[in-house]
Structure formats: structure tokens, C-alpha cells
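The data blocks that follow each hold one structure.
Presented sequentially are two complexes of chain A, the first with chain B as partner and the second with chain C.
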Partner chain A sequence: MSDWKELEAKSFYGASARERARGIVDEGTFTELAGPADRMSSPHLPVLGEAVEWDDGCVTGVGLIGKHPVFVISQEGRFIGGAVGEVHGAKMVGAFVLARQMYDRIKEEHPDELAERLPAVVISFETGGVRLHEANAGLLAHAEVMDQIQETKGKFPVISLIGSKVGCFGGMGFVAAATDVIVMSDLGRLGLTGPEVIEQEMGKDEFDSADRSLVYRTTGGKHKYIMRDANYLVEDTLGDFHDQLAAIMEAPYDEIVQCRRIGSEALVDEQLALAELSVEMAPKDARDVWAYFGNEDVEQIPEMTTAEFLAVAQRR
Partner chain B sequence: MTTEPKIWNTLERDYRERIEAARPYVMDGKVVEAGDAVKLLEAVIRPGDKVNIEGDNQKQADFLAQCLCEVDTEKVHDLHMVQSVLSIPAHLDVFDKGIAKKVDFSFSGPQAGRLAEYVRDGKIELGAIHTYLELYGRYFVDLTPRVALCVGVSADRNGNIYTGFNTEDTAVIAEAVKFHQGIVIVQVNELVDEVPRVDIPGDWVDFVIQAPRPFYIEPLFTRDPALITDSQILRAMMVIKGIYGEYGIQRLNHGIGFDTAAIELLLPTYGEELGLKGKICSYFVTNPHPTLIPAIESGWVKTMYCFGGEAGMADYVQARPDVFFIGPDGTMRSNRDYAQTAGHYALDMFIGGTLQIDKYGNSSTATASRIAGFGGAPNMGCDAKGRRHATPGWMKCGEEYGMHDELVGDLPRGKRLVVQLQETFREKMAPGFVDKLDAVALAENAGLDLPPVMIYSDDLTHIVTEEGIAYLHKCTSMADRMAAIRAVAGFTEVGMAEDPAETAALRERGIFKTPADLGIDVRRANRDLLAAKSVKDLVNWSGGLYNPPAKFRNW
Partner chain C sequence: MALRELNFTFTPDEPRPFPVGWSHRGVVGSGDMEVMFEQRDLGGDVQIKVCTPVVGFDEVWERVLDRFVRESQVSDAVIEINDNNATPVVVSMRMRQAMEEARKEAE
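Up next is the complex of A and B:
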């Protein structure tokens, strides 16, 4: 098996940030920018006596999908749980800035081919949000990334990939929600307050974070797909995420942005109606919600393979 | 000469008095309502009694433990607890409330910090820290409990008990107590007309109580393959090639931990590739680790005897009766004492992890502020001096033993392999190798007669770290041994004292081997080599028979 085929067959869940960055764009097209050789590491961690990484836990670069330049941001959960600090955040912002410059250049140099050369920003999330060691800088980074997402509106898509070990939580959960499209695997987890924090604040009876089955029912890919927080659910390989990205990029921009969860009055109303519904039905478990939206045999949903699930899933 | 006639049945008379006192609470046969449990305990327990609360590192008589905490301290006090573990909060609450004052035990796990604190504050008088076999041995000598609070799955009205596949210690406790006219109380999950199998005969049991909720059981031996690191995989490759393969280890125990889980998941991949199937790892005495499923399914394992069960493994175990020890009723029975005996006499090797190894090769899991105890590791992690049967691995280790001629002369004798897996730096950069064990400071702090050492240096034969393998038993002197330990100790203070020339000489003599010396390509040490990469993969390997508990279900 060639190295590329091996990479594409690799589990997205277990892949490193760098493997993900390479594997979600076309073969051999990924170029890392501000990589470890540039030694951009946190200025704050050494002061606290903590170890640094030369990429600050964030791989950034550019590759191609077809003719589309894809600016990749890939977070590494094995470094402080993928938490976002100053440099990590600045690298995220840098990728957006380059994507905008690329968009302007293509518009000028290839005005007829803008659709097929339309750039994108793809974020492979693996994070719990702000890095507490540098919390102010980390929070600011979140705000800056949000700002950058707004700057892309009407120009090119921002796409989230969620299927890594740490999941996507904390402030970065908000960031993912603000992107145009979310792709998950059933191993992916998406939320705001992480399970451990809920347990700590509300008690074990409210949410037992050690009950991984409960955690997955509440934050996992299948639940998010039923709730339409995730637009696509794919198998857990780099190749499947890559193919899904390619399929999304085939579509015209106006169609892609139909996936958004927020960003218009109508969408805000929809989210508010959902909040009302949750108060009304007071679900005891995600399974109650699945049943409400017309799923049968909700006990079996966690046991299904992705293909089996997609064949029967009833979505909101 | 007139003397009072000697009374020979005081125990029996005392027993009858206590049973009489309990009579108001007995409903039907031997059944007592859960609501009367506290009153029952007050009726049958007397101040100063030796009392056992059954529990091990998995199942717990948690309802009865809770009831004991609620007794009137006017009626019940100064108890001497003689039990294998101090594991749930209630086990120490009885001391806090003044119900008990002395303890003899084996293992304290999660309560280790609190235990050390109570000992220091004089709330607990500490007898001794034992191994399981040692403590149960003393049940038949000088530590027989007067009252045992046991746990089972189901009971009939005559007190016959079914324990399910977590029989573990129940049989030995009930036997020791009942055959010395003591009282046996058992909490069960349900009362039935007929138990599926009689694990404890009804005439060894005085009272059964249906607990309001099923007994607590910890899935202690389950490791999620998703959390296995590349460094653990490298050590596993070294162990398989440099120890299991080298000595042809067929009979072994695997303890708790990610290191041994990595080995288990490498057997069907790396082990197969080395052509070792059928030559190593055919007989296990261990708990039914879910991470052994791929090796079992690939035909590596001939038999597996178990200390206890493991949550979620019952259906799988039951469906593999050639491998596990299954009763006529179709379910497995486990027995910790038999497994420990097998571990001591019938196995060629023990392998496990530890917290600290000192510069001589003594190791311990104690820290200065935690009295953790031993469980069963020292019984398996030692050379069984009474062993008299030969197997190839045991013989080879004996032939290589550097001190053999000094101690035995020219007669052949084997030696068990005792292997410790160690990371040079553990969590929070705690060094795995130290000048002096924390156990020494603990012994001083807690006034112990003996520092709690898990495995002594003279029993330890191999240390495996990411640096390589030290074949300590080949050493001919303590100076040699200490040099070999420095060679595997990496950048710890012990390791920094290494003399490169000395290490080179040890490599010449085959006492220290690096991964390269073993012919292992370090670049291959990554998760791609695991036969299962997640709990879901284990379920798939088992054909859906493994039913992982909620805390391990990543879906």
C-alpha cells in the first residue's frame, strides 16, 4: 500500500494534527506554513515552567482540493489538550488572512474561474477552548477568529472537521458553530461546556462525565447530526473526511452556506424555537429527543455503524 | 481435687446467643429485610470483634458496609477490621465514627491518602499490610473474623448463594468464618426460588439481605486501547521480542495497566510477525482483560484462569468455555486464592508496572503520604522458592542467574522471571527511578515496622524502559546490578550517574540491550501496530459478545 493510501485509510480519531492536515487535501499538495522549523512557540509557558511545542499545538498551511486552494488549521490535542493560546490563535488568524488575500488575487487574476478556484478555510478542531495558562491572550484569540469568520461571509466558505480525540469544546465550540459547514464522524464530540466541567458545577447526578456513553449521546456525532448541528456525518478515516470536503467544494458558494446554523433572523428564530422545545418537553436523555424527531429503536442508535445510522436517521 | 469442668464450646455458645438476639429480624428462612440490616448488625456484632467487610479491587459489600457505619456506637465499638481492601469511603468511615479502631488489610487504593492521615492522627491502629494470600492465610491462624459481611448476586431463602463470575474471595471468607463458629451475613442483588449454581452452601450462611441496589463493581481491568501511547508500544515490542520470545514464556500473569494492555494488543500483529504464536502466551492467570480478546480470537490463548470477573465480559467468557473455567451451569467461577496460588507456583513470569524503583532494584507503589498496600503482586512478583517443576523459560532464567553458583553450587535450579515495566519519568515528571523509595519515609511517618516494598531486588529479574531492557538476574554482584539499573534509568538522577564505558561493557555481556540491540525498529512503534485501536474494535473482535460498561462506550 502506498504511503498516501495508508494515510487516507488512517483513523481520523487517532491521527495527529499534521497527519490530518496532509490527509484532508489532495495528495502531495499540503505545504506547512509557520511550521516547527520557524519555532513559533508560546512566550507564556516557559515563564510558568511548562514545556513548549515548536508549533504551539497548531498546524497551519495550504493545500489543494481540485483547483481550490484550501487553507488548513489543524489542532493537536496531545499538546495541552489542543488549548488555544496566543501563538496558536495568531496562527489560526494568519490562515484566514492568507485565504482572504488569495480570494482577492483569484478574483483579480481569474475572474472567470472564481467558482472553481474558490478558496476555503478548513479547521480540524481538537480543543477544549482557551488555554488557561495564557487565558487573556487565548480569549482574545477566540474573538479574533470569530472576527475573521465574519470577514469571509459572502466570499468563501469556512468548514469545520470534528472527529478527534479531545473533541471540540469551550469557546472553540462557539467558533465551530459560527462556521458555514460542520463535518463530523460518530467519534467526534461538539459542545460548549465540557462534560467534566458540567459535573464539577452541577454534580454527578446532573451529568456523570465518567459515563462515556452518556457523553457521546449528548455531544457525539450522531446526536449532532440528528440535531443538524453537524451537516454531514462520515466514517472515521482521513479519506472519508477528504472526500466529503471535496464534495462540499463542488457545490456553488450560495448552496454551501445553506448549511449555516446561525447568521440570519430566520436561523436565530429556529434556534430559539429549539430552546423553547427543550423547556417544553424536558428531555431526560438525548434518546428522548431522538424519539421526538421520529427515530425508532433509539436504544440501538449508539450501536449502529455510521452507514446503518445514515440509512435510518430521522433529523430535526 | 475439684475443678470446674472445662468448657470446650464457648464459641458455639456465644454464636447461639448472638443468633438468638437476631431472631426478631429474621423473616422467612434466613432472609432479613434491608430495613432491619442495621439492627441485625447491632444484634450480632459485639465490641472488640474481628469483622470482615467483603470487598476486593472489584466487587464490594457496599450496602452492608454502609449499614455498619450506622450502628449505635454504644452497642458496637472498638472493632478490629480484617479485610482485603479499604476501597470505598465507608471502609474508613467506620473508624471516623469510632465503630472500629484497628485494621489488618491488603490493599487500599483510592483510600490510601485518607488511611495514612487516620493512622497519623491515631484514629486507626494499623496491624499489618499483607498480600491477599497472606491475609487469608491468617484467617485460619490468628485473624479469623467473628462476623463476615459478604456479597453475592442472588440467594434463596435457605441462604444458598450464587456469586456469578465474580466469586473471588467469598468462598474463603465464608469457610474461615463458618468453620470457627462465626456469623456470615450476605447481601445479594436478588432473592430467588432457586439459585443457578450454589457457590456458597446455605449452611455456611446465617442471614441473607436483598440490598436496595446492586452491589458496586469496578471495571478495574479495562483499558481503552485509544489511550495507549507510542512509548508503551515500544516497551511492548521489546518485551515480546526480548523477553517472551527469548525465554519462550508460555505461562504468565498480566496485571492492570496500559503497558500490559499494549502487549496483549501486539500479540496478533507483532507477535504473529515474529512467528511466536504457539511458542509464547498460551496460558494466562489473570482477570478477563477485554484487551486480550484479539489474542484469544486469533488462537493465541489455550486457557485462562481468573482472579475475578470483569464488567461486560460475562457473555464473552461464557461463549469461550475451552479457554475459561466454566461450571456446569455455563458460567465462569473465579477464585482469588487459587489464582494467587497458581500465580505463585505455576507461572513462569510476572510482569507489571510500579511507581518507583530504587538504585538497587527494590520497587514500591507507596508514597510518603499514601498507604496503598500490595494486593496480590508480591505473591506473583517473587521467585517461588518451593517450586519443583521445570519449564523451559524457568530453566533458562535459572541457568543465566549470575549468583547461582555462589548460592546453590553446581546443582541446576530454575528461576521465575519477574519483570517491571517502567517509564523513566511518569505523570507530572515524577522520576521512575529514585535514590531512596518513598516507602521508607512512609514507614517512618506511619510508624510501620517494615517499609512497604512491592518487589524486592533479589526477586526482580528484568526492568524494561524506553531505553532498553536490563537483564538484572545475569549480574554477578550488586555493583553490576546497580550499573544495569543506571543504564535503563534515562535522565533521572539515578540514570545521570551512568558511566558510558560501564554501560558498553554491560551491553557486551548481554546484561543491557537497547531496542537496536534487540533488532527493533523504533519508527514502527506506533498505534498502527495495535490489533484493536478502540473499545469499539474490541467489541467487533468479540463478535458483539463484549458489552463494555457505559464509562467505556465512546459511542
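Up next is the complex of A and C:
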């Protein structure tokens, strides 16, 4: 088997940030920018005696999907849980800035081909949000990335991929929610306050973070797909995420942004109606919500393969 | 306690110059490390710089790295390591992997 086929068959859940960055764009097209050789490690960690990484836990670069230049941001969960520090955040912002420059250039040089050459920013999240060792810089980085996402509106899509071990939590959960499209695998987890933090603050009766099944029912890919927080649910391989990205990029921009969860008055109303429903319904478990939206045999949903689930899932 | 930097220079008996411009491997996970090899004309020597939070194991580092150089005979390279409490076994394994892959790449 060739190296590329091996990479595409690899589990997204277990892949490193660099493998994901290479594997989600077309074969051999990924070029890393501000990579390890540039040695952009955190200036804050050494004084605290914490290990540093030359890419600061964030792989950035550019590749192609068809003719689309795709700016990739890929977070490494094994390095401080993928937490966002100053350099890590600056690299995320840098990818957005380059994507915008690319958009302007294509618009000028290839005005007739803007649609088929439309750039994208793709973020492969694996993070708990702010890196507490550099908290202020980390928070600021979140705000800057949010700003950057706003700057892309009306121009080109920002797409989230969530299927790695750490999941996507904390401030980066907000960031993911603000992107145009979210693609998850059933192993992906998305939320704001992480399971351990809820347990710590509210007690084990409220949320038992050791209950893996509960954690996945509440934050996992299948639940997020039913709730339409995730737009697409794919199998856990780099190739499946790559194919889904390619399919998304084939659609016109106006269609892609229909996937958004926030960003218009109608969507705000929709979210508020959901909040009202949750008060009315007072669900005790995600299964109650699944049943409410018309899913039968909710006990079986966690056991289903992705294909089985997609065949029967009733979404909000 | 700040991060510490350890510096070593070794002279292999039958130097085999590092075959590619540079090579990077590994992730600085807990108990793991990343390593960067860079080709540099050092007249048959090899320099290794370790950046680590660990205190009190300088001699172990020297022994593990000395053995790696003796086994691989790698020369004319600057090798840098970002360590996060990797054990000697992990260090040896990561160094060997990085070296093998660089030599494979050069073929």
C-alpha cells in the first residue's frame, strides 16, 4: 500500500496534527507554513519550566482540494491538550490572513473562476480552549480568531473538522460554532464546558465525567448530528474527512453558508426556540431529546455504526 | 523552575554525515519528545542540544545520546530535542526512528 493510501485509511481520531493536515487535502499538495524548522515556540512556557514544541501545538499550512486553495489549521492534542497559547493563536490568525489575501488575489487575477478557485480555511480542532499558562494571550487569541471568522463572511467558507481524541471544548467550542460548516465523526466531541469541569463545578450527580457513554451521548458526534450542531457525520478516517471536504467545496458559497448555526436573526430565533423547548421538555438525558425528534430505539443509537446511524437518524 | 538546556558534542569513530538538509519527527506529548536534525559541516562531529524540564538526569542523557551516536555513527549534524519527561527507552527509540526515516528519505 502506498504511503498516501495508508494515510487516507488512517484513523482521524488517532492521527497527529501534522498527519491530519496532510491527509485532509489532495495528495502531496500540503505545504507547512511556520513549521517546526521556524522554531516558533511559546515564549511563556520556558520560564514556567514547561516543555515547549517548535510548532506550539498548531500545524498551519496550505494545500489544494481540486482547484481550491485550502488553508489548514490543525491542533495537536498531545501537546498540552491542544490548548491555545499566544503563538498557537497567532498561527491560526495567520492562516486566516493568508486565506483572505489569496481570496483577493484570485478575485483580481481570475474573476471568472472565483467559484472553482474559492479558498477555504479548514480547522481540525483538538483542544480544550485557552492554555492557562498564558491565559491572557490565549483569550486574546480566541477573540482574534473570532474576528477573523467575521472577516471571511460573504467571501469564502470556514470549515471545522472534529474527530480527535481531546475533542473541541472551551473557548474553541464557541469558535467552532461560529464557523460555516462542522464535520464530525461519531468519536468527535464538541462542547463548551468540558465534562470534567462540569463535574468539578456541579458535582457527580449533575454530570459523571467518568461515564464515557454519558459523555458521548451529550457531546459526541451522533448527538451533535441529530441536533444539527454538526452538519455532516463521517467515518473515522482521514480519507472520509477529505472526501467530505471535497464534496462541501463543490457546492456554491451561498449554499455552503446555509449550514451556519448562528449569524442571522432567523438563526437566533431558532436557537432561542430550542432553549425554550429544553425548559419545557426538561430532558433527563440526550436520549429523551433523540426520541422527541422522532428517533426510535434510542437505546441502540450509541451502539450503531456510523452507516447504520445515518440510515435511520431523525434530525431536529 | 525554568526549562533547562543541555549541550553535548560527540565524535563518532566512522562518521556517516547526516544525509538530508533537515528532518523533524515526534510530538512533545507527556513522556514524549520531538527531535530536529539539521545538516551542518562539523568536521565529523555531531552536536546535540536538549531542552528539558527534567533535573538530575544529565548523565543519563549523555549516556543515551552517546550510545545513539555510536550505533548510528551520525555526524555533521546539529540535533535538537524538545523533551517532555521522555524515558531513556523512548528517547532511544525516537532518535533511531528519526535517523532511519532520514536515511530512507535520502535513498
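Just so it is clear, the second predicted complex is superposed on the first by the 316 of 316 C-alpha atoms of A that agree within 3 Å, B and C clash if a C-alpha of one lies under 4 Å from a C-alpha of the other, contacts with A are read in each partner's own complex, and residues count from 1 in each chain.
We take it that contacts are C-beta pairs under 8 Å (C-beta built on N, C-alpha and C of every residue); 3 or more make two chains touch, one makes a residue touch a chain.
The structure displayed is predicted, hence computed values, not measured ones.
When the two complexes are overlaid on their common chain A, residue A:Leu187 makes contact with chain B while staying clear of chain C.
Once chain A of one complex is fitted onto chain A of the other, the partner contacts of A:Ser11 are limited to chain B, with no touch recorded for chain C. Once the two complexes are overlaid on the shared chain, A:Gly220 sits against chain B while remaining clear of chain C. Look at A:Glu53: by the touch rule set out above, it reaches chain C but stays clear of chain B. Looking at the shared chain after the overlay, A:Asp211 reaches chain B, while chain C stays out of its contact range.
In the superposition on chain A, contact is made by A:Pro302 with chain B only, not with chain C.
Of the two partner chains, neither chain B nor chain C is touched by A:Leu114. Across the superposed pair, chain B and chain C touch chain A at no common residue. Of all the residues in chain A, the ones that touch chain C in their complex are 16-17, 35-37, 41, 45-54, 76, 78-79. Within the complex, the chain C residues that touch chain A are 1-3, 22, 24, 27-30, 32, 34, 36, 51-53, 82-85.
Taken in their complex, chain B has these residues touching chain A: 226, 527-528, 533-534, 550-555.
Residues 10-11, 13-14, 165, 186-187, 210-214, 216, 220, 222, 302-303 of chain A touch chain B in their complex.
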